[in-house]
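Shown next, in structure tokens, is the structure this report addresses.
Order as written gives the chain letters A, B, C and D; numbering starts at 1 within each chain.
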Amino acid sequence: MIRVAVIGAGYWGPNLIRNFAACPETELVAVCDRDQQRLTQVLRPYPGVEAITDFEQLLDRADIDAVAIATPVNTHAPLGVAALQAGKHVLVEKPLAGSVADAEQMVEAAAAANRVLMVDHTFIYSGPVQRIKQIVDSGEIGDLYFVDSVRINLGMFQHDVNVVWDLAPHDLSILDFLVGRLPRSISAFGACHANEAADIEDVAYLNLDFSDGLLASFHVNWLSPVKVRHFIIGGSEKSIVYDDLEPTERIKVYDRGITVSDDVEAKRGVMIGYRTGDVWSPHVPQVEPLAKMVSHFAECIQQGKQPLTDGESGLRVVRILEAAQRSIKAQGGRITIWDDLQIRRAA
Amino acid sequence: MIRVAVIGAGYWGPNLIRNFAACPETELVAVCDRDQQRLTQVLRPYPGVEAITDFEQLLDRADIDAVAIATPVNTHAPLGVAALQAGKHVLVEKPLAGSVADAEQMVEAAAAANRVLMVDHTFIYSGPVQRIKQIVDSGEIGDLYFVDSVRINLGMFQHDVNVVWDLAPHDLSILDFLVGRLPRSISAFGACHANEAADIEDVAYLNLDFSDGLLASFHVNWLSPVKVRHFIIGGSEKSIVYDDLEPTERIKVYDRGITVSDDVEAKRGVMIGYRTGDVWSPHVPQVEPLAKMVSHFAECIQQGKQPLTDGESGLRVVRILEAAQRSIKAQGGRITIWDDLQIRRAA
Amino acid sequence: MIRVAVIGAGYWGPNLIRNFAACPETELVAVCDRDQQRLTQVLRPYPGVEAITDFEQLLDRADIDAVAIATPVNTHAPLGVAALQAGKHVLVEKPLAGSVADAEQMVEAAAAANRVLMVDHTFIYSGPVQRIKQIVDSGEIGDLYFVDSVRINLGMFQHDVNVVWDLAPHDLSILDFLVGRLPRSISAFGACHANEAADIEDVAYLNLDFSDGLLASFHVNWLSPVKVRHFIIGGSEKSIVYDDLEPTERIKVYDRGITVSDDVEAKRGVMIGYRTGDVWSPHVPQVEPLAKMVSHFAECIQQGKQPLTDGESGLRVVRILEAAQRSIKAQGGRITIWDDLQIRRAA
Amino acid sequence: MIRVAVIGAGYWGPNLIRNFAACPETELVAVCDRDQQRLTQVLRPYPGVEAITDFEQLLDRADIDAVAIATPVNTHAPLGVAALQAGKHVLVEKPLAGSVADAEQMVEAAAAANRVLMVDHTFIYSGPVQRIKQIVDSGEIGDLYFVDSVRINLGMFQHDVNVVWDLAPHDLSILDFLVGRLPRSISAFGACHANEAADIEDVAYLNLDFSDGLLASFHVNWLSPVKVRHFIIGGSEKSIVYDDLEPTERIKVYDRGITVSDDVEAKRGVMIGYRTGDVWSPHVPQVEPLAKMVSHFAECIQQGKQPLTDGESGLRVVRILEAAQRSIKAQGGRITIWDDLQIRRAA
């Protein structure tokens, strides 16, 4: 039984509280928040859980094995590092941190303390993404040609982060999970409308180049009158469309594509034909991704396993977010992730 | 009655032939194509229309007032300029030309000959786009925040042009019609998969920056397993969604958005609220856009009017296409359209 | 503050418990169920609420003003009548009772005791149905021509009731709310597949005739592979489509219809033309219908008001359900509701 | 080469003309219509086809092997029988005739003359229906539980037939093709709104009972503000949904259903569980059903084959249409098809 304290009782905290309270492998020992009133309200259904207002106090508690951090993004690193150094296992809300430097510090602290560091990339634990991963790994879609995601709606404005840091972690973590490598470069575009004074982007486009023909593109938007969650994975053999708003057929696998013939036709260049085939929508069991995530965290601690969404994957996502941010401010200037990596590594 | 010859009996030619034959203001006199067999086949239902294989022959014919050019894009300029110089009015398939230089030459030739030069940006003559123009011009959507279009499907591969030159003219001409000005800069991304040898992009993203907060983004794709035609115009007051695949409600006007409050809340920066309101789908009469386009061409000739889609609008679209092409080859490098324009104008 | 006891902690009970506990005008005093273990489980988040296993005990409690009954349908009448006779106000899960005789007994008991009797026709308290009622009452849709509802899905099999008693109360209560009168007759068709031994219909069609051209038809089905909730109200001027699965635009008002011209054309009979117009989707605020229902129950008790869904409306729905059942067993034989009514009234 | 004359150049005639002109196995020799002006207009693209205004004249022509009749429904029998007796093969628009007596006369005339009599139940020759037939015949959907079709839209009013005779032949012919037997009885409901004077129903519901648990229900409607073409085939193992308005995935096969367990649970009766599985949308090639129908007619004449949609199948459809009509006029009174059949046969 892993004894857990949740830090932060704001927007997302209650979801973690509910899941840690329900998970058979974890015991919710305490919840920490500076706002005593909020704490009382959130803990009403959990009379046995302790309310703590002072984070430092948690660190000395021997009866707490792990902490789950759901505080504003810029506090992830100081809180997370302190907890790791105090010997706690750490789960952090997405994104892992507000900068690459912060994220790297967290990864290093976890390694030094030999503790589990995991980031709550919730979608990775969802039925559809797990199923897509199986299909991609089976090889049946062939070479990856493009990944395209549209994640737009009338958004809940954040005052500390822009639409990229708010929405893109979902797409970037799914992409990282499916592809398993960093893009060579990123160019991003954005604009501020609602909150120009605060310079907070509400519309943004990310274009990631993987150097081998794979292009990934993400449209994130807080101003869209309609809600769209449309994710396409285009392959040489098959393609997958994942529509998270579709009530029952969330994933569809299309046996459609282009066929490049070997017969060289002198005049016209390469011969291309079309293949239209069946569509298959595999059944995806309905599970609560957060419940699976929480249970996976406990399992990793108990069995010394590497989390699916470990600190390194969190760091990779933050690396792209930071580059996207820099690119937007440079009006779409191309940021090379690989070079950046080498420079940092060499340094 | 405007006497017309259609040049090119390939993919698009028969559509022009059918419409010029049916239009009460025009008389289809001749069709010109090098391929005699194709000509015979295409003209079977039109026994009174002359078949001509030699373009030069058309130029001397005093009984031909105008020509409609539906040939490969790189031949638009030589054929168009020759026709204009021979005193013919000219309608050209989109895009107007294969390069800015070619397009400029056509515009100049039309001015010198004092003849109508019009480009077939068909969508401008469609019911939905005409209705959207009215709504945008009425001012009810407020400031333009973003324009986003997804135009993807399993594509008909062209051997002379890539997906940008094939599909983006539709979106760029609609954008030009609605906004009426050129973007400051463009960055574009693309990749070749099916036809790598010929270096023909089949997936591309265009990002246009208008310098005043308006962002326009277009996704064009020949490899998508699903067909999408989704065009969003995001405004400060209302937003429009135009779905060309929706059988009856193609346009929807959303009275939804964000509201920036004047009450400055010290801590959180600007206060933002949400407004959700009614959705209104105006009835759009079903008309064949091509019929309206052909009739407008005749009207412009007869009454000396400026076409809605004149040579200048065709040139503006080609300017962006060429810049997009250069940006793709520069891996998303930002191409400044305004500077480019000034340099060309200064030259 | 109305002091309430909920009777029945099974499938629906916890929803009532949650809403009575949250409603500012009610105090949840006790929950009654024969199954002590179930009671303990359900009441865990409500330490202040009393668990009672003996229904009789409730009746003598002076600190209980009202009971909410969520038990199997055949127990509604005995429990409800006993509670009314003990001076309690009564809320009953839909349908009000398992037979017309039972429902009549409840209505009479409420009148005799001068207590509120209300049935939980939840949909009547939903945003969309409230909005549709306003539109219908405004007269803008003109004469009612037809009402058609499809309510089908892979169903949760009940062992005591068939698909008609399970699903049709929703449609019948909405129809009753909108139209406000009983149909002249009903014919119904059904079949048993999954549970032939128990003679429980899983597919059924109800056809209601209002004698003045209004036809209402309902398709209820537990065997459908797809879920559909599609409700059409066809009028002479406008029509309404209510799709409860549509995430945002649940109601659409269509300004489309037929126009009967007065010009008599001898040969062809009446001249008919088509009118296609705009579509309008009014914004419907998202509220929890159950919260509004519970609050309305309290208000009716406090202010001596007639509930929107009073015993009479519950009785009208049961009258149709019982007639539908008889018609199904008579293989679609027509059951006259009006005559039935007169005979009963005369008796 | 089968030499064909088309009779009737009204609404549907031009479609037959176009297809007989294009079919390699047929030669369109003549078109017959009383309206000379209409004939001239329709035959403009077919200079080689003879225009005939007198039907009788056709009968004597030895160079005409077959006639295709696209005239008002009440003329089908007299024209068809005359043509058969003159030794012509006959194709008739749906429905085969306006009454069972007429249809029987046509079937008998065809048998006596030993000529092909075929009815244009176009849907039977469409890709989706052909594919559904294969799936149903393969047995993989198990026992047929229910067939439900919704075929509604703002309709094209007919002045000679009601919505049942206009739209239901499509559904009844598909049902007949898939199931291959007549229902035991039918009950139908309808109402006249737009054309009350002429007593022409514009909304109707048909309920067919097959006596073995299979229920078929059809909703046909000319007053619906929205167009729906939704056809469900519910089976014990799998179910099929055929949505004719779905652009690409017209057929979906659902591996979902209910499972009746053998474990008898005393209290609750039969144990029922749910099975949710994959969805599969087979690729259906896009073909023009009318082209296939015309070609099949020629093939049946040339090879002496029985048409898929022969006179008998047309008669079965008319039998149900006539019974539906009688049932509507008897306010849903149940019409027994089998008895009806026996009485007629005995007579």
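The rule is simple: a residue touches a chain if its C-beta (ideal position, glycine included) is under 8 Å from a C-beta of that chain, and two chains touch if they have at least 3 such contacts.
Nothing here was measured: the structure is a model prediction, and the numbers come from that model.
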With centres defined as the mean of Cα atoms, the chain at greatest distance from chain B is chain C
Ranking C-D and B-D by C-beta pairs in contact puts on top C-D
For the pair chain A and chain D, the C-alpha centroid-to-centroid distance in angstrom is 54
Whole-angstrom distance, CA centroid of chain C to CA centroid of chain D, is 39
Taking each chain's centre as the mean of its CA atoms, chain B sits from chain D at a distance in Å of 43
Shared-interface residues of chain C (touching two or more other chains) are 226, 248, 276
Note: in the complex, chain A contacts chain D through residues 248-249, 255, 276-283
Counting only contacts in the complex, chain D reaches chain B at residues 45, 47, 226-227, 245, 247-248
The answer for chain D against chain C in the complex is residues 143, 145-146, 148, 150, 154, 157, 159, 185, 187, 189-198, 200, 202-203, 205, 207, 209, 213-215, 217, 219, 221-226, 228, 232, 234, 236, 238-239, 241, 254, 256-258, 260, 268-270, 272, 274, 276, 331-334
